[in-house]
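Across the two complexes that follow, chain A remains constant while its partner is chain B and subsequently chain C.
Here is the complex of A and B:
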């Protein structure tokens, strides 16, 4: 190679070298530039600029560091870097809406963020440092951030009993239990009761084949023009417990054939005394008398009737038991009489109490039911069904098992089904890739899946056996929340320790009380040591609260002065002996440990004390704003006309000292009374006597408050 | 020579692009209808209009419907309201014309200490020992949320600063 050419090449080489050096430099420079431009660093810087624009800069930037912040909780296996960008979550001054996210303060919650981290409630990928990776579902991480609308689900993962702060979750759990989801699915924290659907062993003795046909086709019978019904004045889409199954005509016919021949335990016909029938059958007031007795016995505390006023259909009455608007067209009249006299003979697990019927009442009420509570058009759409053929019965038998009917209904001689549907106890922690979306055009995430499945089970799985429910949006969201809370067994022992288990409520009645308690089904409405319904006052401390004589009188004739109460205690026609048994047991056993009857002696009260108490009541504390005495006053608290004949002085004193210690969620304000004032008020209340018995407030209705506007 | 330069320029561009540009940049959070739907309360004057509630306001709603609704609303979950029994008539909770003028501190005090402590009717009982301060603050937050006319917090308007 000539020398001059070598020089030329060298020049070219130099040029190439220079250019590649430049490229190399540029590439090297990109790296710090990229690092500078990282998403979280941008948030760090903008927080600093934001804080400097505010008057409390010093406090806002006290913990500031330019690096990644993280909450590391080794015990929970948790590394949350969320605070890298969400830097103001503990700064109380950043609560205002004008503060831009992600800097706003976390709303006040009972848990400390530093001790709990973020992802334990909000889910998402804690160690991620990019917005998308932290919040969304990625290939490597399928637990996206839980939408805040369902955040109560996270409370429910650990708190297995209901909290007052989480009404949506509580409603969802209640719906899951009420709609009998546990019939087919295993779910955490929702037990299988003794009876889900009615026992159908003798259904053939109760209703006709035509009625079964109608029921299987459309279990809802009371609808207004929009397809809605209202219960207790609140508009709800009250669902019959029985959901709608997608059944073909042949299947319905086969099932009706099979069910109409179920007559395992024929009822014993009861003959009403001919003297009663003779006296009343010609009486024009028979039906109106029957209706009156129906009302007086407060059947509507548990059962509802549809009432149409001004074109609007409402269900009036309770939802503990079936609505009865058309029951006269449903059941066999002979069966009705036998049922009313002894419901447990037909359905061993029914909550219907056994009333002490006189023949006269029984005749009047059954005549009322079979004449007035009827609808001649009820079975109008039903084709003529003949006596069932054997082939149809066989097919019906097979379908009864295949459709999962035996999950909720019992038929003698058929094995009950358990876990017919998938186990849902870990549904809330499932990844999207574990779910079957079918051809549904919905976002592939857990929330959309649950909602689509609930709204229309066929949309995500054409072969779904799950029946069809109708939901309003609030209930759908509540059930979704409850399902999202079920994340299965905790992954680590540290998480296991966080679980707040449900308080196991058990109450076992004993002795002669047990027999009466079981017969009248007291626990359907009342709570005893945490066990029982919440329709009526909790009786756990009733023995400390009420005087024995008052209890006896009340049980025999449960009158109330509360005009606003729809749901009242039924009249059981209780015998003296039963009333005495219940009153004795309540006053002996249902005692509050902090109320000492011996600590207050009613004899120490002087008229002067009572006069002072009256003044305190009327002037200083103005108790009349909520309590009624003698026809004037408010009706938020119970009527006190008969306080002296109703309450024990020890209870009044303890109550005035601290009402929430006796009834934790009582709305009675806890005041700062002096001991002297308490004595005076007690003395005054003990002087109040009247021959009428006051009732407790309808504290249960408070539960309905949620979700309904108070305004007009 | 020209082709060389061209090739080098292309190489540099490709390198820069390869290092920086080809990764998906995190977009601003899409508006998720589920995220936007907080708990809500219907406007008392127009039940078709729903007012979205924050966490604190929703907690206030819970407390309100347990303790306050009986006298501070015209209809209660149990039916008619106790409001008509009282003289002076207590304000409705959404009565912005009355309540907007009162500061948060004043409302906190009257709920905590009762009407008589603040020179008002003793019919308003003190709730400071039955409710926590946090619960009382949440009721006030709920009051502000449903007020008609709407409540305007006092003080300087919020910063217009935005993170992006």
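Here is the complex of A and C:
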């Protein structure tokens, strides 16, 4: 531009100015336009259109405003704007599947959405008003919405005790306890089972080095019909708790060497009376008699055996104790006899009860176990192992701690490494960026990480020391749920106040009862004041329920139980003294505060009352549809053949008034009997006597929870 | 029409109110016009005469003006942002999110402030290089060069203090690293760091201090220095450096 034209405004300059002004204005207009088109405003408008097309428009739009809706809970540090788009969340009429999301109503839950907000359970970014920001993991937000499949995890974050509505979470917690994840990891709210893995202090006296080798290589012994070593797919929840470790040949040899010399408490060999051996050893009935005794003693209440029928292998029996299908090929026969006679001498804390054995039974059962429960191919893949060398033993000793064996198995004088695995008590709240994904080709989010790590620990971390577990999908999801529920200490005191702690059940047996109670391990199956297993009836109020004499007889001979149950009380061959001790304690101590056994005098019942009661039982209330008397009636409730010899009249009266007051989850319907009817029915039931006929059986045959169950 | 407007203006300038504000009557002679300029706080920055050459693009690329306009943009958008911002944890980060999620045109507002800040640092540096390579630091411009250097430092401090305010990971670690560098100063390093952070870690105190520095102290310095800078440009004889100055002769 020549100098003389400087300062003069030309048409070209005007044009450039005009065009650039227009462009500038247009650029400025982009932001208000984008603001108008924001996602949440579109959802607002589309909800209005949707509501106007429905008959109940007025109710649906009563609270409508074109602005952002939010649930603000300052104490919980929570601002949830989810309801800006999820506008029908409290509209009961929008439950139908045809209602498009995000307008559908929330399924019914015990909490009021307005009082709790959304992200406290669902996670995600509450203050966000964009779909991706609210639900997904983005550049500046790493807590995406929790998949609904694992939503029970959120219940568990506050409810540290199990809820009936959260079976997946409860199963996950049970597995964490059962598999002894606590052995290596820190976790809150999971019980460490009293007996972790078996105590190996004397393992050298029990099994051979070859068997240990086989077990370390593949800690499963049952083969399915395709020849695969597996237990999943059997009709049982049981899974050998021992996971598979990734061990080299040298490591396995070293560990077997070390373990095979562990003989801290050598058993005292027991010699079965030669007379018994002489009588039975030639008897062709020996093995079948042994099997019969095995069954009659109800070993399968706790132990299972793999049974193949019609080409299908199933584990039959309880899952409290190890399955015994091939135990004859595993244990030293001399050890077996010593063990059966006195299990606590080998393992002081075992849950195996101490039976009273006759030499005859002992001989029959051990012969059965060592000849029938065997597999000659079990050790076929094991190389020849010589007597362990010192170097091998030394290495095995070191490996036992380094590989984490000591975290589950006790060997006297050998301490587990502290904090062997990472602390998992806040795992459920971790951001994806805090996790190590390695080279794994999985989505980078917490759920995928947990599942990949559980399924194959090496996939996310080649140096992982965590062993290999075998999961079915349901259990994998359950454990994932339980882990997701552990979000560490609550961030605010308001959240801290929401935590519903676990009820700490405690029961201390005392005096001579304690000794018998420990010997028979009653708590493995029965609950006492909330402490113990849930396989068998809760005995907390047994003293109010049952007559002392009945208890004595039952304990001595619990053979006649409900035929539909597989898991039954074992035949302990209990002495009179032990049975009396237990019965005395139960009837003195395990009392319901509202039931006084002496409060109702049986002498007041007259034959007339009993006749009336019988009429009420059979005609008016038709109790026989659930209860059996004299061979006829239903099987839902307990058999009442011997009600008069079994139950206390006080219990019957209190029970008839309100069964749920005594047993909250009882199925017995609460009928509004008059006082007279109650007296009459009690009088009638007290007339029922049928020798020693124990009736009340396990009302709850759920698998026993290891975690809540046994131990100290 | 034009005459009546001019006579109305003339009459306005005769009024007492006008005179009390501008301290002058009508500017009808060169002297009174000059006095009107000198007597006005804003106008006295302006040169009485401008060379056409100095208005050319190549003379300055308008870098000083661009920096100043960006500063004004930052000032205005900064005031708007202050309406939505709490210098406290965890509110600060939440306020950022609310600007994104709730405030109308909030993203535009915040991005305008952020982009203008980046551009201003860039423009100020370019301005400095340009002046340096044109020899603008030579007499009689030495003092204004020093003022310019101070302005560069103020700009950088503004940028750095503003960086902490979103209270996100980037901010936290940038300031952690930056203040650790400060603590490497011999003898007084740790004291200076403590003074700056109001503690030993980048916490809520640091956020408050950086906020006060960012919105009060540093902008005040900037305004004063910008005033001096502009004024001295004119006093030192305009912004173009004459060819003969480049030889070092006066």
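The criterion applied here is as follows: the second predicted complex is superposed on the first by the 645 of 712 C-alpha atoms of A that agree within 3 Å, B and C clash if a C-alpha of one lies under 4 Å from a C-alpha of the other, contacts with A are read in each partner's own complex, and residues count from 1 in each chain.
In this text, a contact is a pair of C-beta atoms (placed from the backbone, for glycine too) under 8 Å apart; a residue touches a chain by one contact, two chains touch by 3 or more.
Here the structure is a predicted model, which is why all the values come from computation and not from measurement.
Of the two partner chains, chain B is the only one that A:620 touches; chain C does not reach it. In the superposed model, A:46 makes contact with chain B only, not with chain C. Comparing chain C and chain B on the residues of chain A they touch gives the larger count to B.
In the superposed model, A:130 lies in contact with both chain B and chain C. In the superposition on chain A, contact of A:35 is made with chain C only, not with chain B.
Legend: residue contacts after superposition of the two complexes on their common chain; A:463 is shown touching neither chain B nor chain C.
Of the two partner chains placed by the overlay, only chain C lies in contact with A:140; chain B stays clear of it.
Of the two partner chains, neither chain B nor chain C is touched by A:387.
Once chain A of one complex is fitted onto chain A of the other, the partner contacts of A:660 are limited to chain B, with no touch recorded for chain C. Under the contact criterion defined above, the residues of chain A that touch both chain B in one complex and chain C in the other are 31, 34, 130.
Interface residues of chain B, counted against chain A in their complex, comprise 8, 11-12, 15-16, 19-20, 24, 26-27, 29, 32, 34-35, 37-39, 41-45, 47, 54-56, 59, 61-62, 65-67, 69-71, 73-80, 82, 85-86, 92-94, 114, 116, 121-127, 129-130, 134, 137-138, 153, 157-164. The residues of chain A lying in touch with chain B in their complex are 19, 22-23, 26-27, 30-31, 34, 39, 43, 46-47, 49-50, 53-54, 96-103, 107-109, 130-132, 135, 147-150, 164-165, 167-168, 233, 447, 564-566, 619-622, 625-626, 633-636, 659-660, 665-672, 697-698, 701-702, 704-706, 708-712. Contacts from chain C toward chain A in the complex involve residues 52-53, 55-56, 94, 97-98, 100-102, 104-105, 107-108, 168. Across the complex, chain A meets chain C through its residues 3, 6-7, 31-32, 34-35, 68, 79, 81, 127-130, 133, 140.
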